[in-house]
Structure formats: structure tokens, C-alpha cells
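There are two complexes below, and they share chain A, which is joined by chain B in the first and by chain C in the second.
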Partner chain A sequence: MKALKLMAAALAFVGATAQAATNQEIINHVSYNVILATYNDLASQAANLNAAVNTLAANPTEANLAKAQDAWRATRIPWESSEAFLFGPVDSLGIDPLLDTWPLNILDLDSVLKSNRAITTDFVRALGTNLQGFHTIEYLLFGDGKSANTKPASALTAKQFEYLKATTALLAENTAYLANSWSKNYDPENPSAPGYVQVISNPGFDNPFYSSDRAVMEEFVQGMMGILDEVANGKMSDPMGADINSANMALVESPFSWNSLNDFTNNIRSVYSIYTGHYRSTKGPGVKALVERVDAALAARVEGEILNCMQLIQAIRPAGGGDFGQAIFTPDGRARAQKAIDALNALHATMENEVLPTLDM
Partner chain B sequence: MKAWILLSAFNIFVGGVAYAAPSVDMDYVHAVKSGGDTTIMIKGESIRAFRNPATNLTEEEIARHLTGDALFERNFSDDASRFDHGLGPVFNNTSCNACHSKDGRGALPVILPGQEWVQLRQNESIFLRISIEDGIQRPKTAENHWGAPVAVPGFSDQLFHLGSMGVRKDLPGAGQAQVWMKYEKSTFTYPDGTAVQLRKPVFKITAAYDEYFDSVTGETKSRLYEKDVKTSPRMGTPMIGLGLLEAIKESDILALAARDLSAEGVKGTVNWVFDIEKAMANDPYPVSMGRFGLKNNTPSVLHQSLGALRGDIGVTNYAFPMESIFGTALFESFVQDPKAPAPLEASDQVANDLVFYSQTLAVPSRRNVTEAEVVRGAQIFHQVSCTSCHQPSFVTGPHKIAAFSNQKIYPYTDMLLHDMGEGLADGRQDFDANGRQWKTRPLWGMGHTHTINPRAGFLHDGRARTVEEAILWHGGEGEYSKNKFVNLPKADRSALIQFIRSL
Partner chain C sequence: MKRLLLAIFTLSSIANAQEPTSSSTTTAPTTEIQAPVSAPTTTPIEEEDEDDESREAAVSTSTANGNVEKAYPKFEFTSYGYIVFGQRETFKTVQNLTPITRREMDLAEIAFEGEYILSDSSKIEFEIEIEHGGVGTVVEFDPFEEFGEFEQEIEKGGEVVLPELYYKKTWKKTNTALKVGKFPLFIALGSVQTKPHMYASILASDLEARMIPLNWTETGVQVEQKFSDFTARLGVVSGLNSEFFRTYNWIGGGYQRHFETTNADDLATLASIEWGSVAKGKGFALSYYAGNTTGNRYKVDKLKEDAEVTLWTLMGGYKFGGFGFSGEVIEGTLENSNLVSAANATLGGLAKPKAFAPLGHKARLESLQIYYDFASIRLTPFLKWEHVNTFEEVEGNINKNPRYDVTRNSGGLMWFFDQGAFLKAQYATEVTELEGLPETYQANIAFGFDIDSFK
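Then we have the complex of A and B:
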């Protein structure tokens, strides 16, 4: 019955062109073609990263290091582009901290690397979340990020290769687990539990998490608001401090690879994807289609604000090289960052005060 | 409204003082603003339902709440050169948020198909309390820490399964011991034939740091493995409305304790517990009414939060300035000069902002209150006497955060301990709470639980996956209501659950 309903909704969307999309079409498209697609991309990029690291370990050339670094950046894109929808298994299965705890615990990592211990995936699994995931891999592949965002392949030790292989294997395992939880089984303790994509795209009285399509829409909007706030008032404001003298490099996310501004941009790209339904080459109805039914001008304005935020974040990049971690130590860079923060906060206010109420109209 | 609005106010004498016993005010059936003026109005469902500051705070207070919010999510580090230093040397998690995920309930670790036991690692929202138990309750004196559980020699009153690097040379990342969990499963069958699968987590402890092989007995031994050591799991609980619970008048709680509900087999009692604020003020008898913790073993949000900051994360602070394992062999083998006084790891500002945050999270409004099934469920809730312990409402007294004073609130707890029967018993004394007693959990916000965390578990150890399972585990003083519940027609059971989901 449910499967039939779902098929009917999907077919209805194929037929719908100029007509306004229904709530169910929006929910289906965002759930399957944005969220699930992002997690599938994340899992496949993480597998690539693990393979690139294995190649690098077998043959530590500059070219292979560059490929591994590229693979890290490529894996970072779908992950950062998932942060407008940190609900469901990424949280309930405790996956987020395993992938992306920061800051990294360099002190403890160094002490493990100095020890004589064999480093296996199970060994790393037993360590803290701040000793695994993206930022551990980042530190090992890119160096400390202080004066440069790369290091020579010759600087990688045998022990570092062991650690890299183990921790990228774990990243691949955890992201595959996440993708599976969305596509096939959201609760591994209950084999009959479907993929979370089916849960969220079929709201209703019997759905234990979302009792109505309004609830799912609200989750989408709240998710967008959550990451807008996090980027503006956490990821950017915390390292900036109250003034230039209290700026703190230790609070910057992705400081080793100088990837912070790309991370932040991709965070807002996830807002764009949920809002417009556009993800990579896929287009379809997103929350915007719902807003359009109530206020077409508002719908267009919000899209413009999202794109503007992404541009303002990229504009923080220092002309002479470096990234967010360098920009916050110059008055110019801080002014550009503040402009982005203000725009993000304004967009958050628009979402809260204008977009959220459209759910009830 | 129904005619069976009874339990009218009558006067009771406790120790010569007259208390007006609060009646069960049936306005709860239709009440929307569960937290009075602090309530955040939430129409739908989202994972952010518990993440809002009380709505009637001043601008200055909201700014302070947001500062505390960032600290609540901070991952503490054991690197002394870092700003976020303070983690460890032993701990159960690295941030507050890790156990109170999105300020909601935690979940038990995942046991993958084919596994029997799963090891608790970082990133779990559960830990074990431990103590030595001889079953004798003694008068509260300074010598027995005013009736506190007796720490296991060489350990603490909490088992730390995680440790900073180097604490365990043999097991990097491990703490005092490793902890493993599996499930015991059972089936409950209703009189109408409907069956419900229940599960209960059981734990085993291995690799204790003091473990040795006794060649005489052929056993692996540790002080922790001795028979007199009692353990009890604790799951992260929701953070909403704690300042309001703190503002409930002590006299109202005492009046509830003094009611005669013997016909229902209910007798709520108060836990009188050590109060760190009184101790810091040099009160000669630093004991207060317990309000927080699953056994009401702390008297205030300050005591509970700063105790957890030092205990769960290992961050020392002005209220708890010593590491939890100070004076044990593990501590002395780890630090260079174990007797030297160490500086506090959380500044007073950080500690106080965390307390403020913990006091000021908003309770969400109720939803679907006019739906016929919800209204019917609310009435059944009273009919089967859930309200005897899950006291629907209070009017708060004064609180130092003005926003919490004089509010009509609907927490659905009497703030008292009740014998919950053998199924839930942990056999472990905690001040005046015996091994079968637990505090009545507040029910406000319950309907948001599984949206916030699809795997969240109810009860002290998170064993119940649903409200229904949680009800079915009620025994002891809860037996009377549970029996009434299980004998209801299925549609009425469902209505009652729909009411709880409306909260």
C-alpha cells in the first residue's frame, strides 16, 4: 500500500511541469534526490579516499599525496553539504561525532604515533572520536596548516601511513553505514525497519517520528535554520572572538587543509539544495515550491539571499593566500567575515519569521 | 469536564506543620503552555524542539543562555596547552551534548546483528554508577558524606570507561575498566492477547585497571569484581524545564509525600541529599531535598550540572575541585605529583554559564490538545491513576531567575521517589533512595522524544523503546496503574499513549 502510494507520488511528479508541486512531491524529491543522494555520494567519496590513501601508502609520491588530498576535499563536499539535514540516523546512530569531531586531539594523536603499537582499524575504533574522522585524516595529509596547507610526501612516516589507512577505512565504513541507514535499514537492531528515506517521506499518523507532511517540512526548514546559525554564530564567530586580539586559530574548523571557507560554502549549499531541490545536476521541487504557493516574491528573495551568503563567504578568502584562519587576523578579513555573518543571520531571520509561517498557510 | 474530579484539597500534618495537599487539577486535559510563560510554542515536530531558551527571559539572559549553549556542545580536550583543556584523566564522554543529544534523551549503543555483547566506547549516552553496599542505612554525618553511596575503594562512585591517553598504558583510551552491554529479552502479553517484546540491558565489566590473576583460586580479581559492589546504569535525560522544577515549592512536594494513597499502593518519599551549595556556605548540616538525578540524589541544577561536568567529563570546577579518582592508585600512577593542588579546569564563568543554560531550556507547548482521542486519553490518564505520581501541575514559588517564579506549570511529576518493583530495581542505595526506588520522570515534551532521537530510550537505563514499553515496566507502586492500563481495551490504551505524545 505504502509502496504504491509512493510510486504514484513519484509518477505524479514526472507529469508535473509548470504546475505547483504538492507537499508530497517536495518531500519525496528532497528525501530521495537531495538527502539520500548526498549520503550515497559521501559513502562513495569516502571509499575513494580510503583507496587513494592505500595507494599513497604503497607508493608515497608527491602526485599520490596530491591525489589523496584531493580525495579528502572531495569527500568533504557531500559531508559539509549534508549539514542542513543532520536529523535521523546520522544522529541516532551516533555517526556524526565519528566522522567530524573537532578540534582534533593532536596531543593524543602524537602520543599514539610515537608508540610502538600496531595501528589497526579496531585500535582506532576504540580511541576517542577526536582521534578519528575527517580532521585526523586532514592533519596527517596536510600538516599543521600554520604556514602552509600541504606537506611533502617525504614527511609522512610509516606510523602515519598505518594511522591514515586505519582511519580512512573507518571513515569509509561509517559513511557506508550511514548511507545504508537511509536507503535500507534505519535501525540495525530491527531488520524490518526500512531505510530512513522511507520514514521521512511517508509522514502520517502511524509514523513514529513525523505525524504530518507539515512536520517534515518544518524539519527541513529548521534544518536550514540550524546550519545558518551554526555557521554564523559558531563556526565563524567563535574563532573570530570579540576582537582581533581574541581571535583563536584553535577554534577554526578544517584549519590544516585551509578548507574552512569551502566547508562553510558547502554548508550553505546544503541550504540551497533543500530550498530549491537542486543537488548536483538534479533539479526538482524543494521548500521553495511550497513558499511559492503563498508568496512568490518571498520565494525568489530567499533563493537570492542564500546565493548571496555563499558568495560573501567565498569573498572572505585573503587575496594573498590562506583561508578563514588567516583572514580573521586581519582587519579587512574580519570585516568581510562580519558581512557574511550578518547576511547569514539575516537569512536565518527570514527563514524564521517569513518562511516558517508559510507552512501554516 | 468529568465528574470524577476528586482528590479535593485536604490538610495533612507532617511533623506538626500543616500542608495543603495539592489536588489533581483537571485543567491539565486542555492546558497548552506546559511551562507557563516560559513555554516555547511549537506546532510541529523537529529535532530542535528542546533547543530553545525559555521565552520570557530578558535579552541579557538569552545572551547568557546562548553562551552556555556553546559550552554545552564543547568537546573538552586533555591537551593542557589548549583553551578547551580539562577532559579526564578519566571520563564517560567528552561533551555535555554527547549524552544529552540535542538536549533530549540518549540511546543505548547499537548491537549489530550477530553480536551478543557491545563495548561501551566514546559517544555513548550511558554509564554505570558503582558503590559498596552493605544494606544498612546510617544517620547522615560528615563521615559518610551525609548518606552518600560508598565509593568503591580504588575507584569512585561512577565507573569511568574512558581515559585520556596514557592513563591505561595497556589499553590506550580506556579508563578504569571496560564495560560491555547485552540485552535480556522478554515478552509481555496483554489479557487481550497482544504481545510486546521487552528488552533490558545487562552489563559486564572487564579489564579493570587493578585486575590480577589469583593463581590460588584460578580467578581474575579486582576490587570492582567483588560481590559487595553494586552497579547501576544511567542514561542521559532531557534538559528542558529544569529551572522550573527547581522552583517548585518544597512545601508542595512534602504535601504530596504526605498524601494517603495506600488504596493504590502508592507512597512517594523524599530523598534528603548532600547539598554542595550549603557545604560551600559552611552550613553545618549540608543536606537538602533531592530533586534531580534519576534517584533525586542532587538538590539543585547547580549541584547536578557541576557534578556531571566533573564526573562525566572530568572537568574540575569550583563546586567539585578534585578529580573524581583523586587518591586512587590509577590517579597516582598517571600524574607526576598526585598530592599537588591542581588548578580548576573550568573557570567560574564557564561553570556558571553551563548551570544557567541547564536551568533555562524551554519546555515546548502541548500539541493536538483538542483532538478527541487526546482528550479521551487525558481522562483515561487520570482514570487509571497515572496522575497519582505523574502529578500534572504546580504553581512555582520564587526562583532567582525571575522568569521561573509563580508559573503554572505541567511537568507530570510529583518529584518523589517510588518503589518501582523488581523489574526496574538496581539494588543500590543512594542517600535515602533504596534499590527499588526511582524518581517520577517528568512527562512534558515526551511527544518530541523520537523525532529528536529516533533511537532514544525511556527509563533510567533507556531500555524502553516506546512509551508503551515504559508503562509495562512499571511495578511496585506503579503496579496498580499498570494493571488498570493493561486491562483497558486496546483503543483506550492507544488513546492514553496519544495523550502522552501530545505533551
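Then we have the complex of A and C:
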């Protein structure tokens, strides 16, 4: 009986191996159903945000402000869930800083708001990246974030409405441009260039960027490693400073809306999406399927580490209210944050030392 | 390029017409290195040019003494360098209003300047600078990498640069000179007063670098004509690349020293008229620079409109006994600054300007320094006022940014405690027109040497 069970297990293993996704299937799935789908969601949510802000400007009620704030949070989800794949047009076309430069330059923004210039989309476009994008909208919609993460609709001035309309229209334009660069044309200087999704999903000798499927897989793994490092050692460690006295609220991302921990979690969710191939209701395969072919235990362990990191980040949230910007000023909050940082760095080491080498096996 | 070739051809013709049919200095080259020679003071013209005529006069004397066979080529050498110790206030981020204090030490610069004197009327001059103790950075443009990327290799923090390398021919009968190669532009105090003994502050100008290239040199050809106490200059030089214009230094980043080669699709015209000697602190000059910058961009399709840079400079100084003053006013215009800003905003890779794409249409810099020279003890205390605004006027959708309207006041002293060695101390405060941004200070002490001060 024992022998039979072993044989059945062996057959199941062989069957599973035989049915394992090929590299091309993984690449196709991740490229179209994770990355492209994320950018399409981003463009769609940004258009919704623009509409919500226009409604708020036309009718500045508390309900409409709440809808605009919700729309901002909803747009933030696909963007932060894309940070494991900040390669391709988002980098080469310089779109990342247009959407998400932080910290916001509040001094300069206040200076602009005091000027007599008519604020249009083109005007904001010319101001520079730290006066447009997500965090400018966030500051105007949510207030300064010091003691609360919202403000009354009556606090919004006419000039702020002008600025909000212009900068959300620009955000919608830039996210649509990003989605278009992945779906239709990755190089505006070359109208015959296809969407980047076609480039990355068709590696080969005639592909100018990815000569093999291994090159694409490495792009995926390096992308995951990049955001793990940024969340642990940039977004979380820098504001914490060396000790509680040197903690710096000005370095916290999304401090006005108290959305920092959701941002970080979604950053790691983007790692999860690339790794497993799961995005929203869509299921894999992702890079995990490749790792499974070499080491099934490792493949499962990495998935567990990713989920654990997301839980540890959410656990930083102070019980009495607030977000990451408040947690780093308490000993308990700092301890929880350090635990998450350690887990993220450990996951980064696993990616570098164990997952990356599987590409060569 | 046609203008450049035409100028070279014309000047070569003039040179040939003036040259004697047989040279008096046709000797075999020697490897003799001679110490710098003191400048004779027998003719007014020899006093005019700080670096050139004095040495050429010395060479002429040598020729007259009958040492013709061993006279040329000669090599002359000078050098200067300094180390800066400083403390300054800065801000952690653009949101912070409380300054933090930083202390710094910088092996700021050591420069080696040499001259190969080829004849009594021609020479090759060059200068090698080692900045910040480093060995070099280079930005490379790779059109075959993805979308055409800018890549930078950094071996260390500083640079080794060759800011000057030019051939100079002088025709004494007509007081005409020709420079061909890479030479300093006669456009601002920072590129005219090139050696530490020429100015009392640690840098000739602290704020020039916020508006134009610091120590600006370019490759090209320049004719110089002296008449009485005046010197006129007319040149054609390599232009700027507007791809690297940035908010924080206006056209300064367009100086194409980042690259191994210089794009020369757009050239610039340089003209000036000088009375006396600005370099020596007793003279005034009016200078003009104009050149398009669009053709020198790497990403050729991002900007199709012209982006001509025009600069007017009035600079100079004078000394009455021990009391002296110097200063400059630079007015600059960037054509289609809003279109350049928009084109730069979407550059990728290392060229990405991030928040620093917006550019002013007109920029202005003013400075005034007063000093008293206690010649007997070689001590020169000074006071200096400088102001720069790179958003003096804007075009289209660009907003005036008061953060770049800067006033700087400083005071300090220069003391040559040894014949060729100096100590400079400078304390400066800086304030911008941006409401809420507090005033900051900077204190520096520089130790250095300047071999040219022996002259």
C-alpha cells in the first residue's frame, strides 16, 4: 500500500511537471494579464478620479469630496501595484516622475497658488514633476495630514480647485499615455513601433531588447528585487531615521491621506502578482511556475514570505489611528516597522540568492 | 561650420601674408624646460595681456640675444590649486524649513597650465584640471540601447578635464592674434579671471554657476585685435545643448563637457570689446554671445523649434590706490524656453530632469565686490553682493519660481602669507524670494597656491 502511495505521488509529480507552464506561457500571462491589465486599470481609475474632481469642483459638497478622495485611493492601488515592473516605457519615457514624485514641494506649490497665473493643464505640465501627480492631488484633497487625513470641502479655495482639475486631467493623460505605450506604441518617435507588451512577450534573436526568455525572466525578477529594496530601505527606512528623534515626516510617502501602509502593501502585492501571476481575479502562471520546476519547496516558501511581508506592513498601523507617518514616532510602531523591513530584506536576499539562480537551471 | 572654415581660411591667409619668407627660429626641437620668465615692462602692449604677451616679449629678447638655435620650442609651466574647508546650511528635502548644518572638505582643484612656445609669435597653450581629487565621470549616449539612453560611468567623484588647448598666433605689426582650439570664453568674470590671485573671494563668482557654465571654455576660432587701450574679440565656438538645460542652473548644464565629443550642428558667435584688462582688475568689457542650441540635442525629434541663447555681459573693475571694486551684469535670453522645458520634461534615463525641467525666458545676474588691498602685507579684505534670477521673465505656461531668485551677501579676506601661497576666508548668507524658505549661511576657508602670483 505504501508503495502504491509512493507511486501515485510520483505520478502526480510527473503529471504536475508535465503540465507545468512553459516559459513562454509565463511571459505571455504576466505581460498581458498582469502588467498590461494593471496599466489599463490605472488609466481607467485616473479618468474616474479626474471626473470625480470635476464633479467636486462644480459642486463642492462633503459627499463629493469623499468620492474624490476614494477615487484617489482607488487610482493609487493599480499604480502602487505596478512598481515591481518599473521597466520599459514608464522609465524610458520618463512617466514615473510625472505621476509619482515625492516628497511634494509644498513651498513651491503654495507659491504657485498665490500667483495670478491661470492654472491649466499645460501650465501644471510646465511646473515640474514635484508639483504634479499623485501627491499634489493628495495634498489638495486631504490636507496636510498632520493631525487628520481629511479636510472639509469648505477649505478648498477656487485656486485649489483650478489646480486640482488641471493636475488630475494631466494624471489621466499621462496614465493613458503609459497604457498606450504598452498596448500600441512604445516609442512616440517611431510610430511603427508596437506596444511594449508585444516586445516583452516575444523574446528572441530579432528582439532588440530581449534576446531570450531568460532575459525577460531576469527583468521580472530584478523588478521584484528593485521594489523590495525600495520599500524596505527607502520608503520605510529613510523616514525612520537613526532613532525616534531623527524620524522625519517629510520623507514619508502619501502622508496627507494616511495611505502609506496601503501603498507599501500594494508595492509588495505587485511582487506577488509577478511571482504568482495572480492579478485581481486572474490566476497564474507567474515566475513561481518557473521556480517550481527547479525547487517546489523554494517556490512555496517565497510565496509565503511575500504574503508575510504584506501582513507585517499592515501590522505597523497604530491601534489608536494614524498611519506610517505616526507609527515611526512611537517605539512600538518603530519596532513593528523594523520587523517588516527585516522581512523585506530577507525576501530580497532570497530572491537574489535562490530565485535568480533558478533562471540558469 | 561654414563660418568656422571661412574664418580659419581667411585668418590663415592673413597669417601667411604677414609671415617673413624665412624663419629666424628654424631649429631642431629641444627638450629644455625653462622657468617662467618675468615680464619686461618696456612697452604698453606687453602689459595688456595677463598670460600671453609678457612671455612672448621675453622670448623675443632671447631671440635678439642670438640664442635662436636653442630658443624654440620652449615649454613654460604654471599651476594653481586649493583646498576648501567649509560649513554650510542646507535642507533635507524640499519640504523642510529647518536647515541642517553640513561640514565639508574638498580638494577643490589643482590646475596645470603649460605653454609650448613655438616661435616669437606662436604657441600652444593647454590646461589640465583635476577637480575634487577625482578621476572622472563620463556620460555616454547609446542610440542602440532601448530608446537611446544616456549612461553614466562614475569612477570617482571628480573629474580630470582639459578645459583649454589652443594654438595662438600673434602678428605684432598689426596687434592681431588668432586662437584656434578650446579656450575660455570672454563672457563672464568666472571665465576671465581664471586664477585665484585675480580675485579676493574663494570663487570669482559664486552665483554664475546658477545661470551659465562655470569656467566656461569652448572649442572654436577667435580673432583678437588690439588698438590703443582696447581689445576687440570675435569668435565662432561650439554651442550648447539645450537637452541639459535645467531649472537650477538655467543654461549652465548645456555645456557639453559631459560627453566625449561635442555636437557641433549649432555653433555660437562670441564678440567683445574690452578697455584695459578685466583679468587684472583694471578694465571694463562689453561681451555678447549668441547661439542656437536645438541642433546639438541628441534626441533630435523632441524639439524642432529654435532655442537660441543670447547673453550680454558688462563686467570689469578698477582700483584707486588700495581701494578697488569689480562686478558684472549678465542678461540672458533663451528663445522658446517653454518648448525646451516641455521637450526636456520627457527625457529618459540619466538625462531625466525630474522636477527641474521648467526654464525662464530671461535671466539676469548682478554682482559687485569692493575690496581694500593692503599691498605691504598682501592682505585683501572684501565685501560682495550678488543676485541672480533665472526666472526674470517667462514664456507660455512656465511659472516664475521665486526659489531661483537668489541674493547672496558675503565678506572675507584673501591673504598671501607666502609669495605664492594664499589663505582665503569667506562668510556668506543666501536668501531666496520664496516665502517661508529661511536664509542660510555658508562659511569657507581655502588654502592654496598660485604660481602666477610670482609675476
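Here are some notes:
Rule of thumb we're sticking to: the second predicted complex is superposed on the first by the 343 of 361 C-alpha atoms of A that agree within 3 Å, B and C clash if a C-alpha of one lies under 4 Å from a C-alpha of the other, contacts with A are read in each partner's own complex, and residues count from 1 in each chain.
Heads up, the rule we're going with is that contacts are C-beta pairs under 8 Å (C-beta built on N, C-alpha and C of every residue); 3 or more make two chains touch, one makes a residue touch a chain.
Fair warning: this is a prediction, and the values are worked out from it, not measured in the lab.
Taken together through their common chain A, the two structures put chain B and chain C in a clash.
Of the two partner chains placed by the overlay, only chain B lies in contact with A:211; chain C stays clear of it. One of chain B and chain C touches more residues of chain A, and that partner is B.
In the superposition on chain A, A:59 makes contact with neither chain B nor chain C. Once the two complexes are overlaid on the shared chain, A:187 sits against chain B and chain C alike.
Using the contact criterion defined above for the overlaid structures, shared-chain residue A:103 touches chain B and also reaches chain C. Using the contact criterion defined above for the overlaid structures, shared-chain residue A:282 touches neither chain B nor chain C, since it reaches no partner. Applying the stated contact rule after C-alpha superposition, one finds that A:120 touches chain C and leaves chain B untouched. Within the superposed three-chain model, A:111 lies in touch with chain B and with chain C [touch as defined at top].
After superposition on chain A, the chain C segment that clashes with chain B is 151-159; the remaining candidates among 7-15, 61-69, 151-159 or 169-177 show no clashing C-alpha atoms. In the superposition on chain A, the residues of chain A touched by chain B in one structure and by chain C in the other are 91-94, 97-98, 101, 103, 105-108, 111-112, 115, 117, 125-131, 186-187, 189, 208-209, 248, 250-251. The touching residues of chain A, when paired with chain C in their complex, are 91-94, 97-98, 101, 103-108, 110-112, 114-115, 117, 120, 122-123, 125-131, 186-187, 189, 208-209, 248, 250-251. On chain B, the positions that touch chain A within their shared complex are 43-48, 66, 70, 75, 77-79, 81-84, 94, 98, 101-102, 107, 109-113, 119, 121-124, 162, 164-166, 171-174, 450-451, 453-456, 466. Residues 86-89, 91-94, 97-98, 101-103, 105-108, 111-112, 115, 117, 125-131, 186-189, 191, 196, 199, 208-212, 214-215, 217-219, 222-223, 225-226, 233-234, 238, 248, 250-251, 359-360 of chain A touch chain B in their complex. Of all residues in chain C, only 92-97, 146-147, 149, 247, 299, 301-302, 338, 341-342, 345-349, 352, 354-358, 396-403, 434-437 touch chain A in the complex they form.
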